[in-house]
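In what follows, chain A forms one complex with chain B and a second complex with chain C.
After this line comes the complex of A and B, so read on.
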């Protein structure tokens, strides 16, 4: 009642134009008040540090105490001409190329399993999601013990007749070991999105497919996957962002080794800046990382906003 | 009617599906079960029970609460307390500020709202860890190192939280606010008395996102808060693991303590959390 009343009231309003203008500027002020804390945080937590990284990446200090001076692209040239950074990019690229398909395919498989009906579904679902709660430091420490030469994984392997594996001490296996420990947390998380995505697919589509005589594989490829396209795109992008900043397992278990086989970019930027004490080289690396992340995040944001278009 | 998206169509297939699902579920749970079992063992028992393989790997031969009592009375106990304080403040303040921003971006029709929204969410979607390196030096210059404030600040602005809350606010009919305005309620009143009470599911989802970020943060506390009085749980845990004499019982007990809090929250709020994740654009 009141709603209708107000509408009539406003339409019959005496000075609609001036009133709207006054309300318009008022809304601006109100919006500013509501947004002020967030905008301030945006300045302090994003704009200033990113500017700082960019500025520092174009500077260099002759010594630890001397003030920095401008050196143009010297730091970037040093990074790019140095074989170490090529190694970092190679390791990070390989890491992304393995971990993303591995996690996404595992998550699809798990989501499909959890979409079935079987005794104990609720318990299995809880088991798969529970590792999501474990902080990265916990996963790293526990798997770090598990991967030890005389740890439980080798104990099980040897019990079934497979020789013990070196895991973190082998240049061939260390990166894979890190991928496994990160996936223990990550896969359950991405599965959460896919389970929700599967539930959103209208049943009628499958009913129609059933009438057409389509089997499981057929309906998986022509109904399930196309309808999960948006969820999958989102997961792939978000997983790439999360994997690019992987840090804890490298910092704690391998420190980039053995033989630089786990020198991921986030750890290397940290290492250059705080361990080797070359902040300007470190900031150049951070600037490159942030540039890549901004590009991927922009893609992620477009995926977030998609539903308006549909 | 059996639909073609179901794998378990016949009895043998149902048995296979159930077996595979249970195997996978148990594999996911095993590290946690092992962690829990080991946290009650004496240090000497941890490795002797593991290698070579024997059934005691999951069933402790010894049972002790000493790992926990030692941890909680020492540095680790203080660090868990710090983590709880820092994370609680982060969730409360973060939710409040994110909801305010989301309200302005969803309901106040000012010019440029779309651009402001894009800039805010995009910026806060850039993962904080990448920015931690340049920001750490600035925070030290500003005197925020080794303080609760320095630890809390990065956690309270979160792109996902703002996005999820705005999505939810957009679904609330604008007429509701309109009518309240006409009845003389201020924008603040509309936000506080109408929007927040209506948005519990979104607030829980966003709050959980804020919680997980802060509770598991590692790089930032490592850079900014290494003094024992403000040290957070994950740092204290890894200090145990890299100590001169490693006490494995303590490590496992610490791992359990740091996992139990998010685990309980996850199991309680699982549905809300999933619903809010689903609203972050995966829905089509």
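After this line comes the complex of A and C, so read on.
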């Protein structure tokens, strides 16, 4: 690489424009060779499946082995004219509205805690980060047992005089129970980024604020939060994307119930495709999901871009 | 490797088909198949449940290797959809649930077996199993097991509450209504749970309840794609079912797979479940139980779930003839069919195997299973109802399964059934 660069630099100034262009294309070819593995993976794992999903969403077939036919927007019309899909969108929206603020605020709180020095810090840190390493399916099954009406959580509640709760068997509590178990798994992960962000804030800023007489809260709002803006923007967007494709707890514990109260969009797309054997309807749902994800990612780039300018 | 097999298999299959065609005039187009190659068998049962049958097959056909793949029931249909639906040739033979035959055949996921086995199934297997495997006048799979349901009761718990044992006589079968009341009495005397069902939220198990209450199977219309799951019979049956959980007679929030263990460990007064429960009771050795006739709706006709797993062939198979040889051995020979049913104590479907099974029932667990052979024949002959062979059965099982679970969790019965009816009809309209 060094040799190549050296040669390119030496020759650059002396050559006419046409030669430079030719050599320029040579550099691109080299770059392409190095990029090829990544581009190939992107093509196979992302571009082709997404294209297939979009194409299939405009088709229908009586079964997966029969050749599909083009039906225009029929699958989208079937989805959008169906009250069940409106319910799916409503549940998914409510889920995002609760889980994102809950996880982000919890992660900020935990990051601030871990940024302090106190006895037993190592143990607290382990308790927060260990769930991140636990396989989601295992954590889900364990929480599923804990949430049973005759399970350990209710045993504790009843021991202290609080009536047992229905948790996953109640349409009023099931979504909240899913949010709690997903946050137990996920919050530690987001906390990691915030701890790194906190450690990047120059200590002098806090010293200067302290000399000016600023208290803890003033320092938090005027120094900590503004300096964490980039990290927070990333976390909010990444958490939203991760939550939109949440699947495991619903598939293992509630299958979308009770009364469709946990029927998140990813589970519904899976159910349409693999349980009900209607992949084209499922792909239409996936396409809608992709559009939402693209919009969120675009927003992320905008937020981060603006941050860079400022 | 697979591709390699495929070319060989195609050549072998072509040669064999030519051979069969050549001799069909003299032997009537009998099943038969090649006697070499590897056959992948995909089932929703752990391998030990069919191991004796696989061992017997290996001995009879040493040149055919069977690779067994176990997929848990909850993922089974999804996996068939992905692998058979995706044209995966690494599945040769797979288990076909009764009720799903029409749906799978319509989608093109099964090889038509009419010419090979229809006559044999009609003459040598239990009559109801031929219907269960036939759709649109063609045979798509062959029966492996069939099922029936008994009412198991815990003698010690009933004695403690002074409640009489339910009858083994079909004419005096316990009613669902009476069982609900008796359950409460037994619970008041100390039982944790009253009445449980082996598959507490699945269509297979609850179909007899609604059929006995006069609600029918839930399928109407000539094309079997008109939903009828919110009629009076369904509403009455589901009101009763809702009450079961409302009164704490059966538990909410516990997975259906655990029901069998709850009875076998002595925690429940009654359990409606198949003959396989006997094996679990014997294994746990914790319950002093009796076996009675499947319950009936007050004033209604008796109805009992039947049908079980069948075997079908993936059209993408690269070893059609060896696959046929395997399913013929497991379904249509006494040796294979008896061995396949033995580990779980479930009912075989080949007539001779079935007779052997019924004759052995009385002695399965000493005095506790006395009279079971006669009861079994009476139940199968008079009360068995198959799952409807609708092309939309998959959708029906999913929608009703969710509705049952919602009702179990305390949702309003009428609203839940109305929603389920609309959802199911919407899904079925897309199939028309």
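Simple rule for what comes next: the second predicted complex is superposed on the first by the 266 of 310 C-alpha atoms of A that agree within 3 Å, B and C clash if a C-alpha of one lies under 4 Å from a C-alpha of the other, contacts with A are read in each partner's own complex, and residues count from 1 in each chain.
Basically, a residue touches a chain if its C-beta (ideal position, glycine included) is under 8 Å from a C-beta of that chain, and two chains touch if they have at least 3 such contacts.
What you see is a predicted model; the values in this text were computed from it and never measured.
Trainee: Under the stated touch criterion, which partner chain does A:150 make contact with: chain B (first), chain C (second), both, or neither?
Mentor: After superposing on A, A:150 lies in contact with both chain B and chain C.
Trainee: Just checking: does A:99 make contact with chain B only, chain C only, both, or neither of them? Give me first, second, both or neither.
Mentor: Touch status of A:99: no partner.
Trainee: Return first, second, both or neither, reflecting whether A:38 touches chain B, chain C, both chains, or no partner chain.
Mentor: After superposing on A, A:38 lies in contact with chain B but is clear of chain C.
Trainee: Tell me which of chain B and chain C touches more residues of chain A.
Mentor: Counted on chain A, the partner with more touching residues turns out to be B.
Trainee: Examine A:274 and indicate which partner it touches, taking first as chain B and second as chain C; both and neither are also allowed.
Mentor: Both partners, chain B and chain C.
Trainee: Looking at A:170 after the superposition, I want to know if it touches chain B, chain C, both of them or none. Which is it: first, second, both, neither?
Mentor: In the superposition, A:170 touches chain C alone.
Trainee: Quick check on the superposed pair: does A:264 touch chain B, chain C, both, or neither? Answer first, second, both or neither.
Mentor: A:264 contacts neither chain B nor chain C.
Trainee: Could you say whether A:66 touches chain B, chain C, both of them, or neither, answering first, second, both or neither?
Mentor: second
Trainee: Can you pull the chain A residues that chain B and chain C both touch?
Mentor: Comparing the two interfaces on chain A, one with chain B and one with chain C, the shared residues are 150-151, 273-274.
Trainee: Would you pull the chain A residues touching chain C in the complex into a rising list?
Mentor: 62-66, 78, 82, 84, 147-151, 166-171, 255-259, 271, 273-278, 281
Trainee: Which part of chain C faces chain A closely enough to touch in the complex?
Mentor: My answer: residues 77-78, 81-82, 85-87, 103, 106-109, 251-254, 315, 394-395, 398, 401-402, 405-406, 408-411, 416, 423, 426-427, 430-431.
Trainee: Quick check on the complex: what are the chain A residues that touch chain B?
Mentor: Of all residues in chain A, those touching chain B are 2-3, 6, 9, 24, 27-28, 30-31, 34-35, 37-39, 41-42, 44-50, 52-53, 56, 110, 112-121, 123-146, 150-152, 154-156, 158-159, 184, 188, 192-193, 195-197, 200-201, 203, 206-207, 209-210, 214-216, 218-220, 223-224, 227, 229-231, 234-235, 241-242, 244-245, 247-248, 251-252, 266, 269-270, 273-274, 279, 282-283, 286, 289-290, 293-294, 297-298, 300-301, 303-307, 310.
Trainee: Quick one: which bits of chain B touch chain A in the complex? Just the residue numbers, please.
Mentor: Listed in rising order, the residues of chain B that touch chain A are 1-9, 14, 17-18, 20-22, 24-26, 28-29, 31-32, 34-35, 47, 50-53, 57, 97-98, 100-101, 103-105, 108-111, 113, 116, 118-131, 133-135, 137-138, 153-154, 156-157, 162-163, 175, 178-179, 182-183, 187, 191, 212, 215-216, 218-219, 222-223, 233-235, 237-238, 241-242, 248, 251-252, 254-255, 258-259, 262-263, 265-267, 270, 273-275, 277-278, 280-284.
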